[in-house]
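Going by the order they are written in, the chains are A, B, C, D, E and F; count residues from 1 in each one.
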Amino acid sequence: FFMLGPPNSGKTALAAHTALLSKFPYLKFCTAQTMLGFSELAKCQQLKKIFEDAHKSTLSCVVVDELETLLEYAPVGPRYSNNVLQTLKLLFKRPPPKGRKLFIIATTAYRDILDQLGLLASFSKVIHIANMSSGQHILHVLNEMDHCFNNDEMRYLEKKLHDKKVCIGIKALLDLIEVARQAEDKSRVGRFISQLEEVAGMI
Amino acid sequence: FFMLGPPNSGKTALAAHTALLSKFPYLKFCTAQTMLGFSELAKCQQLKKIFEDAHKSTLSCVVVDELETLLEYAPVGPRYSNNVLQTLKLLFKRPPPKGRKLFIIATTAYRDILDQLGLLASFSKVIHIANMSSGQHILHVLNEMDHCFNNDEMRYLEKKLHDKKVCIGIKALLDLIEVARQAEDKSRVGRFISQLEEVAGMI
Amino acid sequence: FFMLGPPNSGKTALAAHTALLSKFPYLKFCTAQTMLGFSELAKCQQLKKIFEDAHKSTLSCVVVDELETLLEYAPVGPRYSNNVLQTLKLLFKRPPPKGRKLFIIATTAYRDILDQLGLLASFSKVIHIANMSSGQHILHVLNEMDHCFNNDEMRYLEKKLHDKKVCIGIKALLDLIEVARQAEDKSRVGRFISQLEEVAGMI
Amino acid sequence: FFMLGPPNSGKTALAAHTALLSKFPYLKFCTAQTMLGFSELAKCQQLKKIFEDAHKSTLSCVVVDELETLLEYAPVGPRYSNNVLQTLKLLFKRPPPKGRKLFIIATTAYRDILDQLGLLASFSKVIHIANMSSGQHILHVLNEMDHCFNNDEMRYLEKKLHDKKVCIGIKALLDLIEVARQAEDKSRVGRFISQLEEVAGMI
Amino acid sequence: FFMLGPPNSGKTALAAHTALLSKFPYLKFCTAQTMLGFSELAKCQQLKKIFEDAHKSTLSCVVVDELETLLEYAPVGPRYSNNVLQTLKLLFKRPPPKGRKLFIIATTAYRDILDQLGLLASFSKVIHIANMSSGQHILHVLNEMDHCFNNDEMRYLEKKLHDKKVCIGIKALLDLIEVARQAEDKSRVGRFISQLEEVAGMI
Amino acid sequence: FFMLGPPNSGKTALAAHTALLSKFPYLKFCTAQTMLGFSELAKCQQLKKIFEDAHKSTLSCVVVDELETLLEYAPVGPRYSNNVLQTLKLLFKRPPPKGRKLFIIATTAYRDILDQLGLLASFSKVIHIANMSSGQHILHVLNEMDHCFNNDEMRYLEKKLHDKKVCIGIKALLDLIEVARQAEDKSRVGRFISQLEEVAGMI
């Protein structure tokens, strides 16, 4: 499985959620965050170990979060770690031992580059996670959440948002809602809307 | 011999099968998978050793699987290991000692690059392995396999597939069949067809 | 927060001032100046330590001054430290532990490059610090300062500057005022004006 | 002397033959094959030693086979060992001690590149070795060899080949003849011709 | 202060002279000549030490001669030491401790490159040192020097040079005068003029 | 002094001859030949030592032969040793101690590149050494040499060569004459002329 979407669109959360739901006995989350400061070689060895351990369990799930960060990809140059790339390619292709299954979920925001680098070819499914594109989407999220805006505020928001176009990831939206939830003054609805205009290009 | 074909078209399996059929006393399978984590130097030494051992036997066969992965080729840059390239070039050209024969089978999905790098020149035959291109090919594969679909399902599939165009490698097809074989519900034929439409671009 | 502005526009001072005003219990100022002579690795470790310490406090503020200098960015080539870049990206994205807040202020003069390198995406706000563009701005600064020019001089400056166009950063202006303050002769007003013409392109 | 020709055109054999015919007391054959696995530095030292030993003998001949492989030249990049290049340039130019003569024969398939790299300038003669271009050339080779085809077969081949155009190196032709010689069935002449059509583009 | 001018235009001498005139208690002259054979790291440490020592004195002057040579700048590639560049940038920007003053004079012949590299931004004044462009300039220099040409020769030179156009740096001119001064024969004036025509493009 | 000319035009011999004629007490010949196998660092140290020793003598002459080879210049890339370049630049510019003189002669075949690299700027004179361009030049050389061709042969050569155009360096010509001198048969004059046609493009 390959999850693809713009930054802050909730890829990582969805991948983690999917992995947890699977209730596989072996579940591992690989992210560059836990390998900060590792040398290229150390990263490769860590990745290799995670996959080798995964092959020991009958049912395993490995989430490889933000592939482009693991590859140390930087678009100016461009630069990336060919060592990590080759290691990931081999690990993604390596078939698990007979009778065992390995489920790999990878996330990224740079589809084109990973495709060019040949990393996508190993995945059977690519899932696109789009940003929300209409005010209706935002209202839907707000309705799902408790204790955020009161009824008056919700009516006001519905009037304002129902026919708008926006472009915002779920994670970025939740951040804005969180800020609004902590405020308690009257103008918080207005501020929430003006922030949507700024961050989500709402018109 | 040089086997050339798109990913999942069964090159590796065919190469391994050919090598086994040959029943040569020395038979070796070189793949980047077993050299994961090796340094460039270690890879070169391993390759050299395999070929030197091969020269000690009267009849030998060496399968070099996925040349582009052994070379650590990455198209962005592009980058590759010139050390491994030079080593392979020399080993491919090196004549076996008098009275001994060495049969080399190499597989790749990137013909153009290997040709540019001068690796193809050493091979006397290049075999193209095409993807299957018509529904008839798929029906042929299904008929060869036992215990997959029952007679009713087969009749339904024949009706649906006999005049379709597809593009799928044998390995990818076998994966789909395996998934269908494990399911036992009625809708598995429909799911199999919709997956063919998605993965193999069937129309 | 991301502060963006031309050299000598007072970004660093404003960032430091903002950080001090916040009165957060943990306050750290990262600048390439204190890491002069450090290897890439040592820089990365220092940055990692600063952020990890910040995460131990309930409310922290880290000022990352002149990102482009930390990255050792040089436009000819171009060259930069991918190690430092990857480390900063990860540290900027890393969420603080539950219940703790980390406020990051970064300054730079090269917006385009940092955007290309993907460093801007982690910041919720980008503040542009413009140079002063009219004589009125300069008069405003002079009025705010004590003991610089006497009343006669101020009247003369007002007449000369009130309808002029300039382009000067606050830091560069303060430098010129400091030079004028130390002089004590009559011609210092004239010299101050001629320097404005030269440095700030006043017309 | 500089021998230049397409792969499998017999350059190496001709160079070795010429060197042996010369009956010089010092005769050395440098090829990348014997330096497989050497570091750049070790290669340079080996080359230096060979030439220094050559200078100790009154009459010496050094064959430098496949210059492009010694240089580890790869056309993608392009990449090559500048150390080996500089060493060869100096060794080719270095005059032998007074009263001694050194005869250098080098072979390559890449004239343009070696010319660009400045390696050709040291050679007094460049010999082009062409592929054979007509069926008559092939018949001439067959007539020179004993015990290959019988008289009937030869008459048949003469009829088939005498007015054909081909493009094949002598080494590749000898390989085909060797295969035919080992077969003993009737169809071997037909197979020989169809292989000429495939490998040598015979029309 | 930043001194800018073509090679041999006397930048270094002028910088040294200015530094000496300042009679600052701490005076240091940094030039690549004294760091010949230093590693990049050693250069950076030496530069850092010079500036740190300068900060210990109330009034200091550091002359950084031929910035482009310190940076090991070579226009083919281009190549330069990013380590030295980053170190110089930081040292140039670092404010001296309160109450102390540091006066930095840097010289170069490549304005464009240093500007591109961002080194010019730290300097408050850029002084262009032009080559002399008329025969009058040369006569002026000759009149300032004692014991060079006798009165007859000077009259002859005045007649020849007063309406000519030249392009020569002061250092190159002094070299020519030195050569002429050591000669004692009659034709030295003619030779001096013909050399001016050659070196200074006098017409 | 800077000597510039095509390969085999006798630059090195002329430089060596000039140096010997000078009868300076310190005379050193730097060539890449004697530094074969040296590391970049070792080369730089050797060059530095030669120039430092030269500065100890009142009158010194250093011949730097084939600058482009010392720099390990290769046109594909292009590649060169920036370390050696920077060292040479500094050594060429470094003024000898008071009262001492250092005369530097450098030779190269690549004017453009050395000019681009900024190495030419340190030399006060550039001498172009052209190839010989007419048959008269060759006859002139032959007349200067004893015991080469007899009177009949010379008359024949004069008739053949006096109105021809050629392009040959003096060193290449001397090689041809040497070959002819060792032959003793009648046809040597004819062979000499046909070689001139081949090597020197004589028409």
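Criterion: contacts are C-beta pairs under 8 Å (C-beta built on N, C-alpha and C of every residue); 3 or more make two chains touch, one makes a residue touch a chain.
Chain labels with UniProt names: A, B, C, D, E, F = Vesicle-fusing ATPase.
These numbers come from a predicted model, not from an experiment.
Inter-chain centre distance (subunit B to subunit C, centres taken as mean C-alpha positions): 58 Å.
Spacing of subunit B relative to subunit D, judged by their CA centroids, is 33 angstrom. The multi-chain contact residues of subunit D, meaning those touching 2 or more other chains, do not exist; every residue touches at most one other chain.
Taken pairwise by the contact criterion, the protein chains form one closed cycle in which every chain touches exactly two others. All chains form one closed ring of contacts, and listing them from subunit B in the direction of subunit D gives B, D, F, E, C, A.
Across the interface of their complex, subunit C is touched by residues 7, 32-33, 36-37, 69, 72, 74-77, 79, 175, 199 of subunit A. Considering their complex, residues 44-45, 48, 78, 80, 82, 85-87, 89-91, 93-94, 113, 116-118, 121, 124 of subunit B touch subunit D.
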